[in-house]
Amino acid sequence: MRDSLTDNTYDIKAEGLGKSFGPVEALRGIDLNVESGEFYTLFGPNGAGKTTFIKILSTLAKPSSGKLTIAGHDAVKDPDGVRGVTGVVSHDPFLYENLSAFENIKFFGTMYGVQDADGRAVELIDRVGLGKRMHDLVRNFSRGMKQRLAVARAIVHDPGILLLDEPYTGLDQHGARVFGEMLSMLKSDRRTILMTTHNIEEGLDRSDRVGILAGGRMVYESLREGLDREAFREIYISRVGDA
Amino acid sequence: MRKALAVLTFILMAASLYAAFVYAPTEPKMGHIQRIFYIHMGTVWVATVAFILVFASSVMYLWKGTRKWDILAYCSAEIGVVFLTITILTGSIWAKPVWGTWWTWEPQLTTTFILWILYIVYLVLRSSAGSDQKKAKFAAVFGIIAFLDLPLVYASVRVMRGISPVVFGPGGGGIAPQMMHALLINLAACSLLFVLLLLERTDLERMSDELAVLKTREG
Amino acid sequence: MSKVWAIIRKDIVTELRTKELFTSMLTFSLLVTVIFSFAFGFSTGLVRLAVPAMLWITFTFAGVLGLSRSFALEKEGNAVLGLLLTPTDRSLIYFGKVIGNTIFVFIVGMIIVPMFVLFFNLGFQGTLLPLVPVIFLGSLGFVAVGTLFSAMAVNTRLREVLLPILLFPIIIPLIVSAVKLSGLVLEGKPLSEGASALQLLIAFDIIFIAACAVVFEFVIEES
């Protein structure tokens, strides 16, 4: 379902990435490689630095040290290059409450420089299953609907990389299931996906590779294949406890 | 080195007091009250330098993003406000017997007063912005905008009063050479005091940074 | 350019829908006008001299209400972060917000003037038309600095309270020249009599639009 198949590689390369706020070190020397088309899930408790990490990856914050290359673009020197190939879904929807679903997606499409932002908006809102609510204000949407619309916003420019920061936060069971199906769809588009979560159930399902972030450090990394759910839970609890 | 500077500052401060109160002749029209002018000029000079420094280091901070420029901007703003407060107070004390009033909305006074308010707001902003980086960035932005505002403020006070710009004539009238000496000594003493205070204050700020680092490591 | 227009359009659509900015700014202006009338004990003679000053006090305070609301709306649902994620030059975002806010504030200014004429029984000489460029230039400079500071204020502990504290000392030159020019118009004199005030007003606008567009990215971006 990915619209334009290109030969580009959409990979994420972080080397020794650090972030400090004055004396506080939020991230210390993170090395991470996510390959093109891979679904990588980063686990970690609240305050581990997950949101800071995603903010740096999405160019909303600058790293204090280290090097970050996303799809070949240096995140510090060429942030616009990175912005053009990444989409972000966070726990906040990043949408305008007083605009309709259509107006929101059209607006963000224009800001991404999408040709025919109108058509693209209609198409995407249909795809995330909100076609009937196209012209309703986002203000009146449920949490789950907002989150689906946020996905439409994040892929309006057809990015090769998706960054998801605790996207399940605040979703009820039904909402979480619908959102999970949407993730499967996004994965089948062969986009590179990096998701953060503190929830082991939601995180393990679709991943190719997993990592654990605790106390601002990467403390564990493994392929998903052959990783037992209960065993991983043990690892998670012990690693997070140590950090 | 620092100690030598402190001693030198002390000596010059003492000399400047002597120069202002004993060495310089009494001004015939205003009398003894004119002597407050030496310290008045010294402090306003330091405040001016301090605020130029705030502007310059704010620009540097936004450009380079290093903490040392933020510390420099913050500390000069603080010291500048203290010196400008002294300027305004000494000016008032002088104005009471000479002009017969503590305060008047004369262009120079008004500009000085707005200048004073601008840098107090700068300090208020610092104390209200959350994280260190945000605080530093916002303060730098305000430091730049406030500085750009100063010539406009000065022009506006003239517009308000309908006064045409003053042209400073050459020579500046006849003042006794001893008065000039006293003024120069005061300027030098105040400048040294400023340098000393700035060094001490920036050190203090750096130390509190280090302390914060140590605290987070312990906690 | 289409991006700037998109931001302006978004703000106008939002405002037409919620009418939040206009209701708050206009209600405030109306209240202040009424309070001024009471405070001056309805004596027109006294009011006449003070009208230009009152006009700009009302106008700028109402404008502060609008500006702080304008950025609070961007913070709702963190929509502004969505905007920052797009590959858009930050100064374009600034210009979009400034143009939108200037339109709102200018319209409010154009409503306040007839309101003053009505409430204070201003029998004016000649035409009030020269007030239009004065209010426009005043709105522009006010919004140029105000947009920068409101983006800053919503990100601090004091929030909206901080905006007037930051803004008013900076816009003193603007208020002084605008009051002077408005006074001339109300007395039926041509604007050319206040050439230096007009120059000052234009200088203020140019200096701060340029400076604020440059530093805006430091205010809006996280770090």
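By letter and in written order, the chains are A, B and C; residue numbering begins at 1 in each of them.
Methods note: a contact is a pair of C-beta atoms (placed from the backbone, for glycine too) under 8 Å apart; a residue touches a chain by one contact, two chains touch by 3 or more.
Being a predicted model, the structure only gives us computed values, none of them experimental.
Participant: Which chain is in the middle, if each chain's centre is the mean of its C-alpha atoms?
Facilitator: Per-chain C-alpha centroids compared to the overall one single out C.
Participant: Could you quickly compare B-C and A-B and let me know which has more C-beta contacts?
Facilitator: B-C
Participant: Averaging over Cα atoms per chain, report the distance between subunit A and subunit C in Å.
Facilitator: Each chain reduced to its C-alpha mean, subunit A and subunit C end up 39 Å apart.
Participant: When the C-alpha atoms of subunit B and subunit C are each averaged to a single point, how far apart are the two points in Å?
Facilitator: 32
Participant: Please report how many Å separate the Cα centroid of subunit A from that of subunit B, as a whole number.
Facilitator: 50
Participant: Residues of subunit C that contact two or more other chains, please.
Facilitator: If we look for residues of subunit C contacting two or more partner chains, we find 223.
Participant: Which positions in subunit B touch two or more other chains at once?
Facilitator: Within subunit B, the residues that touch at least two other chains are 133.
Participant: Mind pulling the subunit A residues that touch 2 or more other chains?
Facilitator: 21 - these are the residues of subunit A that touch more than one other chain.
Participant: What residues of subunit B sit close enough to touch subunit A in their complex?
Facilitator: 67, 131-133, 209, 212-213, 215-216
Participant: Can you list the subunit C residues touching subunit B in their complex?
Facilitator: 145, 148, 152, 155-158, 162, 165-166, 169-170, 172-173, 176-177, 180, 194, 196-197, 200, 203-204, 207-208, 211-212, 215, 218-219, 223
Participant: Where on subunit B is subunit C touching in the complex?
Facilitator: Residue list for subunit B touching subunit C: 62, 114, 117-118, 121, 124-125, 128-130, 133-134, 137-138, 140-142, 144-146, 148-149, 152-153, 155-160.
Participant: For a test of understanding, state which residues of subunit C touch subunit A in their complex under the given definition.
Facilitator: 2-3, 6, 10, 13-14, 17-18, 73, 76-79, 81-88, 221-223
Participant: What does subunit A use to touch subunit C in their complex?
Facilitator: 21, 55, 58-62, 79-81, 83-84, 86, 88, 90, 92-99, 103, 107-108, 110-113, 137-138, 146, 153
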